[in-house]
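Reviewing the structure listed below.
We just call them A, B, C and D in the order they show up, numbering each chain from 1.
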Amino acid sequence: MQGQQLRVGLVGAGKMGADHALRIHERISGARLAAVADPDLDRAQQVAGSSGARATADAFEVIDDSDVDALVIASPGAVHEPLLLAALERGVPVLCEKPLTPDAKSSLRVVEAEEARGEHLLQVGFMRRFDAEYGELKRLLDAGELGAPLMLHCVHRNAATPPGFTSEMMIYDSVVHEFDTARWLLGSEIAAVTVRAPKSSSAAPDGLLDPQLVTIETTSGALVDVEIFVNCGFGYQVRCEAVGERGTALIGADGGPLVHRSGNWGGSISDDFRDRFGAAFDREFQRWADAAHRGHADPAAATAWDGYAAAAACEAGVQAQATGTRAEVDLAERPDFYIP
Amino acid sequence: MQGQQLRVGLVGAGKMGADHALRIHERISGARLAAVADPDLDRAQQVAGSSGARATADAFEVIDDSDVDALVIASPGAVHEPLLLAALERGVPVLCEKPLTPDAKSSLRVVEAEEARGEHLLQVGFMRRFDAEYGELKRLLDAGELGAPLMLHCVHRNAATPPGFTSEMMIYDSVVHEFDTARWLLGSEIAAVTVRAPKSSSAAPDGLLDPQLVTIETTSGALVDVEIFVNCGFGYQVRCEAVGERGTALIGADGGPLVHRSGNWGGSISDDFRDRFGAAFDREFQRWADAAHRGHADPAAATAWDGYAAAAACEAGVQAQATGTRAEVDLAERPDFYIP
Amino acid sequence: MQGQQLRVGLVGAGKMGADHALRIHERISGARLAAVADPDLDRAQQVAGSSGARATADAFEVIDDSDVDALVIASPGAVHEPLLLAALERGVPVLCEKPLTPDAKSSLRVVEAEEARGEHLLQVGFMRRFDAEYGELKRLLDAGELGAPLMLHCVHRNAATPPGFTSEMMIYDSVVHEFDTARWLLGSEIAAVTVRAPKSSSAAPDGLLDPQLVTIETTSGALVDVEIFVNCGFGYQVRCEAVGERGTALIGADGGPLVHRSGNWGGSISDDFRDRFGAAFDREFQRWADAAHRGHADPAAATAWDGYAAAAACEAGVQAQATGTRAEVDLAERPDFYIP
Amino acid sequence: MQGQQLRVGLVGAGKMGADHALRIHERISGARLAAVADPDLDRAQQVAGSSGARATADAFEVIDDSDVDALVIASPGAVHEPLLLAALERGVPVLCEKPLTPDAKSSLRVVEAEEARGEHLLQVGFMRRFDAEYGELKRLLDAGELGAPLMLHCVHRNAATPPGFTSEMMIYDSVVHEFDTARWLLGSEIAAVTVRAPKSSSAAPDGLLDPQLVTIETTSGALVDVEIFVNCGFGYQVRCEAVGERGTALIGADGGPLVHRSGNWGGSISDDFRDRFGAAFDREFQRWADAAHRGHADPAAATAWDGYAAAAACEAGVQAQATGTRAEVDLAERPDFYIP
């Protein structure tokens, strides 16, 4: 494997793509960047620059490139579907940043295309599944150490939003992570979503419902509540407490040096999600590259089905937000192909 | 004051009453137990025993006793109304264990009787208002250090329930504390209540909806969520996180020695609420006795109005629990007499 | 007991005395202030003022007063010996603020006088023995839950020193608490003391060795290290970690609300030792008053022997500090009277 | 760089060597294992096995191999000197596991050889310098956020020792890390060492002084105390608290999920140092490989001088342990070549 490095084609050279290029280049073993595509060719060249990879404005050129062994898709969700279908046709492993596609219907088409091909090639970038603390929480739940899980209490906070961030994006971009972790931790599909908002923070841009309280019901009968607050002011914070029949477990506590100074004790909080999940991204990519060498997706990762289920939950979430009422999730039947 | 100790009449010699007798006897200054009433005369005598107080089966005998300066009512809520009305008529200060009365209508009658008398004589035993951590949280909020409050996340857990505990009692006996602290911390009335329950814990008695997730809307536009879980198995735990526009504050973290042993780090949890709130009860009683010496209720305590508002919220809570829908709280207009 | 309140005579109306007067007056049950003595009569009158107690400039007048049932001594240590001997002669229970006396020789004379009288009347105000966390640590050690204790790591910090504070006072006034807690927690006498000082903090007054590192050897073979740092700048902090053969336990962690704000998480620290040990003082005084009603010292409190042993350890500590070498503690043989 | 992977020769295929082989193979980017040497050829082959690297029993064969770009030395310290001198002669970058050599004299010869060559090729595997928490502590100190550092309180605990572990090894293998971190954090050399031992734990093997309390004086006038306890029973724990003129900072707090269960709160502790420092090893190796590509040592790593200074401190430590007295560290003058 060391002799033959995995040649990775990167589609999308924005912030996330550039970060992943660096990751492949500098932080994981057994893979190298072979090609970079971005409609903005300059940007593609800049990201390719230091690594010796080719740059192009045409994503399909990278997908069809026979010198590319595997693909990372980090372009906007709106253009994912044709890229994924083309990659499936070529039969290369793909790590697709979330969302799989922006809506349930198109996600389901991708699911069906992968099922038709009969190979697990796609995985969706829900990196929390590779975080050490989430992993330990999953282990505690699966081992039954807390008894059957009944509730999750989740908190998801950002210091501030970039311009143009909308209430819907709070569901699609942020709560989507809780949809996936709830499904993964509880081993259950999402049945319904309710969204409530208190009066909005005066720190939130005009028109943004911030914070919101999202309540999720699962088919297993568990309840999940999520505080999503994207202008909380102080930093990036992700917390999850699982409540089981015999105990609870909380992850996401503050870390780093405990400082005493000037009448205060405590530490600092970063507002960069990469400080919290950087190691998870690294593990996700390393495991993906290892699996891609063998020609398939990492079995530990979120599948196309998981991407579809998250998209369906997001649709219900946005509907619940708009109507103020409980929205049920209407899910297709899960193909045997996606039952582990 | 030391020369003339406050002579306290205790109505109700059950577990709570006996605990308060001990408190008056051993832990606070300037007060002594003068009389104890309980329908079970043996019980009254036992509680009176060590203190030299008189014992009787007739509560009104204690209330009318001219050698009694102030009353503690710790009998079941169902019999509070006539006791409170009699005490108001006599004009003695009363510390009434929650609830003021079991329903909003009767509570309102007590409110109106006190208002008619024109003296603040009654206070309700919401002891959290005297807890150091809740006090500090209130101070942070009132000082604006977190910005305007938007949400509270509350957790209220007991290890196990006594026989006969019902889903309604989870609202009336447990969540009632969160109703009061939400009103007090946020300085706002409760507008509506919603109750959701996941599948119940297998550790809960048959028919008990346990845990439940209670969502509270306040007239100020804040949202409060409460996990009430009375068979959580591991101990008594009360937690509250306030989320403001500029920061958050969490109280109820685990304390005591941090032990490392046998591959584990941590500490122990008691299942006795008195270990958590014993000091708050002491402070509540000391302040009450000090105020009663001067002939009135402690201005820092919950008033009859607060007792009424809590009763109204409980009624909405139980209705929401029964119907599965959002129940609005229908509150009388607040008399000027109760506006601080 | 309630009918006959313990009549307390207070000797010393400085800061500590005034605090204790308030404690007797407002926070404990079954006792009242009957007389206050201070060479500064104004100060005595001020402290007596609100309580109806008599005020005098002559301490012996209070000690000899037949209307005084028990004594609290809060005057400077230098004048304790004659006061204690007079109180022993009268046979009244005494709560003596530390130190018992300022040196081992005079302390031993007090010990011998009490032994001669044959009644346990004296107790020394080492209030940590009544602190909930220290109590729980003691319980863990006594129950063998950590195995045999091998080491204690202690930290004792103050924000800043008052004018005139000397390196010797760091031993006599501050580390004396660690001498007592070490003896009490480990159930062993102190064998030797070593004192090391790094370069002093630029925040410390000229000439003060601050911080210092005190190493204590016990006759049981345990080692105790103490960081004493009285100009640490940020607040009052007392921490103790016991290291046993099978585990460790740490007390003195930071408490209060956990706040997230402005890129930081944490809480605040007070620089007032009463915020940390106020409840311990209350418990100490309540238990003392209860025992004094029965005519003797609280068996849970530090005895005159403990006061003597602490004085001897302080002498060794100051010698070690001055010489830079290890100083052995030269202790008299413990009379049977003081063996529990 | 990706096209030309760094070809690494590994000397020593024991536990540590095998772990590093895996690290090069699977966790870092831009390097591959090219050759493995171990006197036990089977072991060398096993480690080489999966990676396509050559295996040999002769370390010098690997060092002299022109297909090897850089060396990792993970053999016992006793054989390091000739290996390092040979590597210096060939001019290849070396990551040498600690110790540089087992004694100060031989370490100084290595220092002089490197200085003579005039190139920084050697680095010593003090991986704590690459740990995120230590890094943040260093940053706080260097930025002056705590004021000038006065003391460090260190705790270094292992669950249990392997057979044959001696009191001297507690200095050479364990406290050596604290010697290096003290020098690095404080930017100062070690002036003297004192070792005290309480009675030993009954859990320690016969004859082992365990725990010990090591006191370190630095040339800057700071004091460092280290509890080394290698049979503490419960797990691997490394803690460091820096005490500065204006504040303190503590690293090494417990992490992972906070679990409430069965009357307890807390989490679990591993006894594997790789769980604590795995990420630090990864970062150390990645940075080393990146620097080795450019032909020299990582400037952030411990140099040969640091290895020599640690060896000198260990010698003083073992002498202090044997004699029970303070031992001064006798250090050569630091060559300009090693002054950053």
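Please note the rule applied: a residue touches a chain if its C-beta (ideal position, glycine included) is under 8 Å from a C-beta of that chain, and two chains touch if they have at least 3 such contacts.
The chain list, named the UniProt way, goes like this: A, B, C, D = Inositol 2-dehydrogenase.
Since the model is a prediction, treat every value here as computed from it, not as a measurement.
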{"item": "Partner chains that chain A and chain C have in common", "value": "B, D"}
{"item": "Reference interface A-C: repeating pair among B-D, A-B or A-D with over half of contacts shared", "value": "B-D"}
{"item": "From chain D, the most remote chain by mean C-alpha position", "value": "B"}
{"item": "Chain centre separation in whole Å, for chain C relative to chain B (CA means)", "value": "37"}
{"item": "Centroid distance [mean C-alpha coordinates] between chain D and chain B, Å", "value": "57"}
{"item": "CA centroid of chain C to CA centroid of chain D, Å", "value": "44"}
{"item": "Touching two or more other chains - residues of chain B", "value": "232-234, 246-248, 259-262"}
{"item": "Touching residues (chain side chain B, partner chain D) in the complex", "value": "159, 232-235, 237, 254, 259-271"}
{"item": "Complex contact set, residues of chain D against chain C", "value": "147-148, 150-151, 153, 155, 196-203, 211, 213, 215, 217, 220-223, 225, 227, 229, 232-234, 243, 245-248"}
{"item": "Chain B contact footprint on chain C (complex, rising order)", "value": "2-3, 5, 24-33, 51-52, 132-133, 136-137, 140, 145-146, 246-251, 253, 255-262, 279, 286, 290"}
